[in-house]
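Next come the structures, one after another.
Both complexes below contain chain A, partnered by chain B and then by chain C.
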Partner chain A sequence: MMTARDHGLLTCRSCGLLAEPQASSCKRCDSPLASRDTASLQHVWAWLVAGLIIYVPANLYPMLRTTQAFRSQESTIVGGVVDLVHHGAIAIAAIVFIASVVIPVGKFIVIAYLAVLLSQPGPKNAHRLHILYEAVEFIGRWSMIDVFVVAILVALVQFDVLASIQPGFAAACFALSVVFTMLSAQAFDPRMIWDATDEGAPHDA
Partner chain B sequence: MVNDPHHIGCPNCDTVHRFSAQELTVPTRCARCGYRLTLGRKDAVLRVTMLALTSLVLMGLALFAPFLTLNAGPFESRASVIDVIFGFAEGIMVPLSFAVLFFIVIIPAMRSGLLIYALAPNLAGVAHAPLARPALRLAFTLKPWAMVEIFMVGVAVALVKLAGMATVDTGAAFWAFVLLVLVNAAQDAFMCRNTLWTTVGTPPS
Partner chain C sequence: MTPEDNTTVTRPKVETRKRRFSLVWLMPVLAIAISAYVVWNNYNQRGPLITIVLQSGAGISAGATEVRIRDLKVGVVEDIGFSDGMAAVEVKVRLDKDIVGYVDEDAQFWLVEPQVTARGVTGIGTLLSGVYIAANWDGVEGEFKDRFTALTVPPLASVGEEGTRIVLRARAGGQLAAGAPVLTSGLEVGRIGQPELSKTGNTVTMEAFIFKPYDARLTSNTRFWDASGLSLNLGAQGLALKVDSLAALIEGGVTFGEPVTGGQLVSDGHVFDVFPTEAAARENAFEANVLPSINVSVLLDGDINGLNLDTLVRFRGIKAGEVADLVGVAVEDGSDNPVRLRVDLRLSPTRLGLSRDQTADEAIAQLKTRVANGLRARVGQEGLFGQTVILELVRLPEQPTAEITQGEDGRLYLPTAPTAEVDPNSGVNGLVARLSGLPIEELMAAATDALGNVSRLTTTADGLLQSEGLDRIPLTLDKTLGEMRTLVEAIRNGGAIDNLNATLQSADSALKSVDSAAASLPALSARLNTAAGNLEAVIAGYGDQSRLYGDLRGVLGDFARMAESFRSLARSIERNPSSLIRGR
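Up next, the complex of A and B:
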């Protein structure tokens, strides 16, 4: 199968129209054009490291501060999951655990794995890498669930002395971490996955 | 081949495809990586515009109608969506409030507004609005940042967390949001890049 680069042309990543190699923006949709985004891996790493750093305080600081009958209790992300398990809400505990721990940690590992692999020459199983890339792109936003849960609980549970819920510092850190890793996944130029397939040796634009 | 809407480059893997006018009206996938090149839905422009209009109306309703009411014995606490957003707008949490405001209200509403702005003149048979192309491009770019559906899953999780301590009643805004999620899903099913870009990128005849 021929790629646009094999034809000496550029593909617009926004609308798919083909353009002359010297064109700098797409005739149909005005998007900037480039055969391959050669700086993309640097952007991927930069956002990924930022996301990793901010994920540390997101786990150490409390996500919620619950005050019930003058007793105050703080819970972290993992602590909140443990509380849910104690209350018998196993399914919800699983959702929160998957959204706030499994997905973010899995995302860090998969993005780093893709970035390392793509920076090395040699044939790769493009279909497998592509599935990983799609999964990371699709799943990243769902980590926001926990931030929204905090927002709703804080808004609803305001019974003054009886019971109230305050947000913790971790909520802001966690939201930032999700945003950074989403930007990291978006920075990938997926065409680079397909350049290094088993079909032929990788070549530069 | 260049600037010809029948030749499409896959934005994902750069493979060049040639489609006849007939083939462009049915769903097509990239032969190499499986990316959905065209969705092949009839009336894509009309439906996307109408659904965008619908979601703007629903968003207006969702903002000003009551969202959730919490009852615990003699105590009652109501929250609108605005309360949810600004419930934690204190000190270091202010940026987080703004992030939530953008993810669940401003960006979804902006996407609808941009789509109407870019596509409605075509339906009316008049010249495209100035800046129609950057507007449509922004509408595609913003897609991963519109998180209404994730917010609603967060609402579900919060309701289960609260189930033990209080009863929660859903208001009109809750159901407006549920409809909004469905409308947005339907809209994405009609957001065929090739069709929309062909419409906006070529001068009206």
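Up next, the complex of A and C:
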């Protein structure tokens, strides 16, 4: 397999233009250029930590505040799932649980796994790592189901005294958490996956 | 291009030097900072957690049930569980921070549930919103307390309601229920609290709250009476049905008034008695001014039928107090009947002739002196037939000396005297004796005389009618004589005389018959007068000197006397009917 690096060239991560090794920015799109962005791991960790932190209040605080005829009820994400199960809506409960718990937590784990693995030298299964990376990237945009549900409910159910639904503090936290993990996944420089699997190929000259 | 061609190509150097700390790290720092702020802020805003012990957790759910003051939320139930031993339910409530200062000893909590009572529906909002815990405390900050026991009934007065708290004392078994209204002039001016049975079980006390400004009407002369239900009054004006209020009919209630003016204003905690009727309350007010009372007891042997609470205590014929309590007590004196009846008396010193300004001790000392002079308590009777049992305080100097003793229970015991002998003049026997003492024989003799005279008159009149000179009598006289004969027949055979006869001969129905006879007497006498008038007219037709004239004159005199005697009998019965009964 031949890479731009093998030819002494740099690739722009934004537009794919090859550049001279000395170039510090892309001629076409003016993005900063680097053969391997080792700083990207820092970005990954930073966004991941931010996402993790913000995920805590997203679970502790109420996602929805439902008011039904003088009686208001606040439900957290997990509490909502439990309620749904109690009401027998197993399928919906499963969707909500997967979208708001399994996927975010899985994302945290996968990103952390990738970052840890890439910062350590040694042979790796590049194909598997790449699939993981792609999966994280792909899934990221689907993690907002909860936020969408809240947004739709808030818009639809507003009958003043009889019934109304207000978004809770957790909705904002959850959205931020999703955003942060997406940024974290995007900060990855996938080229490092290749390097790590390039047996014997030294990264340095 | 092949790799071989580019052997000279140098790979771009991968920068491995540690780059300076990326600015992206600011994001997690910011996230931590924000989270920390939120957490701290939240924690800081948290009010205290208090525990409320309830009898039942009906409808309470953690996280949803609110604590409200004046219908504003001031806290939320966080947790609900059992207290030790599952005897009650413990509810943990997170209160708002800004009311912490007021949660002190006087805070009260109670559960508000929908209630349907005679006076309407309360707490209807809780049907939809679920129950809530209502709170109440004064606006004065105090030492924080974190454990409360919920009230079983809402407090009488909610926060900010002004008025006077009084205590009502009623006879046990009344209709009064917590929340029942206090009325005056038909207005609801207060509420009654939870009734509590006294230790002796004879009375029930309850708090009551009279709202401002009506509490200004409460004075020491105010009297309360039971307004529960109907009062039916059969009187001269007919049948009077009175209902104070429909709510009072169902729930009970008291009403108050001030039969006597000039009382002093009362303060919180004043004890008022609740009288069963308005009449009793008014009577009590007029007989008031007897405080302070002297409390003494007497021990009575045997069964005293008719002795009960409020039985009168008479001293020289006037009411000197009443029976406050009746208790059977065991007395260890070796007799075969160790159970005695202890009667607690409430005597008013002024009615005993003691000075008002005396202290209770001084009054007791005076009472001791009187006992030494022979004052005794005894069971007596009064009423027309001696049917009402009373207690009498009488001076009986011939009784063996005795003194006021103090029992082990601290009570003062008055010495007793044997029950008074029944007055032979009282009771049904007395009535019969009085009736038989009436001068009935004399009356009968007088009446027989009168009847004899009437007979003679009739005979004379017959002779007159059959005399030779009859045809010479003018037609008018004939007619008059005819009338007279009818009259005489009527007197002889008529009901009046028979009635009177029967009356006088029958002692059993004496009272009733004499009464009706008395009613017919004036009529009889009037008829006799008419007869006399008619006779006079006859006489006028004859010569002054005739024999008939003389006879008639005599008859006339008899007639007049008889009429007079009947009239006076009628008058005396009319004026003084009781003389028949009393015999004087």
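Please note the rule applied: the second predicted complex is superposed on the first by the 195 of 205 C-alpha atoms of A that agree within 3 Å, B and C clash if a C-alpha of one lies under 4 Å from a C-alpha of the other, contacts with A are read in each partner's own complex, and residues count from 1 in each chain.
As a working rule, contacts are C-beta pairs under 8 Å (C-beta built on N, C-alpha and C of every residue); 3 or more make two chains touch, one makes a residue touch a chain.
Quick caveat: nothing in here was measured; it's all calculated off a predicted structure.
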> Does chain B (first) or chain C (second) touch A:74, or do both, or does neither?
Replying inline: second
> Touch check for A:54: first (chain B), second (chain C), both, or neither?
Replying inline: second
> Looking at the overlay, what does A:182 touch: chain B (first), chain C (second), both, or neither?
Replying inline: first
>> I want to verify the contact counts: of chain B and chain C, which reaches more residues of chain A?
In response: B
>> I'd like to know which partner A:145 touches here: chain B for first, chain C for second, both or neither.
In response: first
> In the superposed arrangement, does A:34 touch chain B (first), chain C (second), both or neither?
Replying inline: second
>> Taking the superposition on A as described, I'd like to know which of chain B and chain C A:46 touches: first, second, both or neither.
In response: second
> If you stack the two complexes on chain A, which partner ends up touching A:5: first (chain B), second (chain C), both, or neither?
Replying inline: both
> Overlap of the chain B and chain C footprints on chain A, residue-wise?
Replying inline: 2, 5-7, 9-10, 169
> Tell me, which parts of chain C touch chain A in their complex?
Replying inline: 1, 3, 6, 9-16, 19, 21-22, 24-25, 27-28, 30-32, 35, 38-39, 63-64, 125, 128-130
> Which part of chain B faces chain A closely enough to touch in the complex?
Replying inline: 1-5, 7-16, 31-33, 37, 68, 70, 72, 75, 77, 79, 83-85, 87-88, 92-93, 95-96, 99-100, 103-104, 133-134, 136-137, 140, 144-145, 147, 150-151, 153-155, 157-158, 160-162, 164-165, 168, 193-194, 197-198, 200-202
> So in the complex, which bits of chain A are touching chain B?
Replying inline: 1-7, 9-20, 27-31, 84, 87, 89, 92, 95-96, 126-127, 130, 137, 140-142, 144-159, 162-163, 166-167, 169, 171-172, 175, 179, 182, 186, 190-191, 193-195
> Can you list the chain A residues touching chain C in their complex?
Replying inline: 2, 5-10, 21, 34-36, 38-39, 42-43, 46-47, 49-50, 53-54, 56-57, 69-74, 169, 176, 180, 187, 203-205
